[in-house]
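As written, the chain order gives the labels A, B, C and D, with residue 1 at the start of each chain.
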């Protein structure tokens, strides 16, 4: 822990060891910056604030200031990543690090800002501005939320794909049928099968906005049937994901519990359980 | 694997053994054809594409081309099915195969097209065109999605019927009561009990389009009560189906795990567990 | 099985033993009669059928005919109930039987019809007509659906009351708050706390008709918060009921499984498990 | 149990021991007073009752009467709390008791009434009037509903925060994207990101009021995608809370069951189980 690069890497690294002193301060500062920045993006979209010249220029300055800091952080990260075993090579290690998922998200959070200097296409600038919200996901680096969700998805991957495939098939067929039943009665609400898929999703997920709904007797019978079926069908992937997540939690709790061994009542020897 | 019929049967058969060479190519080709075909059906329903003469004729040609190929595939399947033990008889085996669920779905996917030549009834042609979407279900042949869902439904069959019966009774009685309460206040929204069933389903499944809802005080009290009850009631079949599905998944995982036996700590003998 | 009364009691009794010959025929006949009758009640509410004189008179005749038959069945049931051990006494046994839950539902299904002769109050007649739909519940006598639901509710009774109490409190407080927030902005949508409860239920059950919803910024913040919380809160009683129901099912399945005993691998003696 | 203070403390204390005589009567009286009071608050908000002078003055008198009684109860509670071991000190004990959560809720239920004498700000009076509904929560003191929910939340605290964080991130990003997609098409429905969050919550919780919904093709595709994903995402915290609650229930039931020990079939000694 004696060189400056090592210290920088340690300060910026995301680890579960508790930090103290300057590394902790740096972490908290980046934390707050991301949080304030996300808030600024959200608030900057409010029309009243956009037309308010002082507030607008404040948001712009804050944006500029944060991007500079995020850029510095990014450069320091790339520079110091060679401290890690897997990115040890001075050149290829850094390239490999820059292509890692986290580093790409980091880049995606700052890169758009610089791009706005090279374009006058307002639509593009608008899109790039929105893109900055992905910075929020940098938060998940510090929590283990993402990892738990990832694990739960991986654990039940096969079944999730399976049941979503089934849901997709049901959705496609249901949308085709409702299009056939409702299109003659209300051609503006169900103009085509792709448009009917919107109705299918809104019904099967039980969102039910009420912008499109069947009005013919047959359409209502089929729609009612689909709503009942859809609720049951959607419970499959949802239930699977939830159960996978709960499984992950229980696993962790069981492990903690299992560390205290039980003894055989007959001979005093420890017994290993495998449940 | 020496005759042509055997090779055709092998190439078209749905098995979980990995295929290579020409059989794999044929499988992937049929896969892509079904996928593109379903997409074509969905897109062909868009009014802008229907009036666009070039696109429309392209869709028609593609449709014609696919039906020819699906027909050839169907004929080859029927011809080669005798390679299978259960459909061994040259005549009755083929008839029995043609009456099997999968073969009927295959037929349903091509038959409507030929029917359109013999009728000028536009309504019928429209219906037959929609029917082609069932081809999508041919996909499920290749996945084991359908089988898992089937198993889960069979496993919890008794309870599903039981709880759906209860839901149905509750729905009928609730619809009768709301009809009695709301019909005098809004006769156009709740004109009859069958029409009130639509409200009942939309409320109990929590879809809530907002096309019909109670406006009288008593109707709202009863409607609120039903919404609370309906959520709880609908959780029964949904929960059962999901738990049955999860049970199927766990069963498979447990089996894999159970293959490693545990030893008794006293005498070193293996103990069989039955949980 | 030698007297007529015994035969009548056997024919009408609801038991899980398979019946044959005339008792089976009588059971199927009553079954069909209830089903057709319920269908008639539902269809009779359709305005087009009510104004159609022939159909209307057909429904009336069918109604008359069924009530006569249900009445005869009821009389026979009361007459033959003394064959059962618990209703043995010729007079008090029959009175006790008539006051049992099932006999009261039976009476409720025929009694209203006779009442319509003694009143000219159209509102009352209308209500009594709707009441006949409870006949549907006679079906559940034959299935064990009701018993399973009852068991599940009893098994989780304490927790259901507990969580519904909590939901009720949350609902009351949420409705008071939204009334306070939204009443000044839209006094016609949130005129009072009782009216706001309707919004509360529609939101917390995620039905979301869209007839009332917050429009002020604070109201939307609170409404969004309540929707998220409401979904979680409502999952408690719903999850409890579903888990109670699944518990009932597993219990039955476990019992069947448990009948095959396991043997101790050491001494060959049977071991009793208590999970 | 010989001094008056002891008797007062015993009468007002919330314990699970069954009470008899005067203490029971006092408890039931406070119960009824809270229930009637909450009902009065709810009914007093109805405009028809507010303009009805007699009813309004009755509600006011009842309010006055209840606050006096609640105040007396509060004073007695503070006075007698020193009977409890932890609040033993005559002065600091009482201060500590007054700062405990329950005592603060008690105060919050009576304090606002007195405040209305010192202000003429109608908005404030209105808010204070609504605040009185928190009295309802005094009920939960007597039930163990709150404790069970608390336990379930504490038991799954970590996972709840985790999954709600994830939901929040998804909500923020989804709202930004839909704002980007829908704002140009319907600037009044999606005027800013904060306003789009309202749509995001209403969609992801499947409430679906129908006041805002996407109308562009891209917006509908993204909205449909979010609805499907939202249902799955929201199932995580909901499933976790429900499973935590069910876990609490099973724990209690298992404990009751576990009190009957199992004996080893070999030597007759009792075996302790740790599941």
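Details
Going forward, a contact is a pair of C-beta atoms (placed from the backbone, for glycine too) under 8 Å apart; a residue touches a chain by one contact, two chains touch by 3 or more.
None of these values were measured; they are calculated from a predicted model.
Interface repeat of B-C: among A-B, B-D or A-C, the matching pair is A-B, sharing over half of the residue-numbered contact pairs. Compared on C-beta pairs in contact, A-C and A-D come out with A-D as the pair having more.
Distance between chain centres (mean CA atoms), chain A to chain D: 31 Å.
Put simply, the C-alpha centre of chain A and that of chain C have 43 angstrom between them. Annotation for chain D: residues 206-210, 238-239, 243, 266, 275 touch two or more other chains. Interface residues of chain D facing chain B in the complex, by the touch rule stated above, are 206-210.
Residues of chain A that touch chain B in their complex: 156, 159, 162-163, 165-166, 169, 172-173, 176-177, 179-180, 191-194, 203, 206-210, 213, 220, 224, 227-228, 230-232, 235-236, 238-240, 243, 264, 266-267, 269, 271-272, 274-275. Chain A contributes residues 38, 41-43, 45-47, 126-127, 130, 133-134, 136-137, 139-140, 143-146, 148-149, 167, 197-198, 201-202, 205-211, 234, 237-239, 241-243, 245-246, 249, 262, 265-266, 275 to its touches with chain D in the complex.
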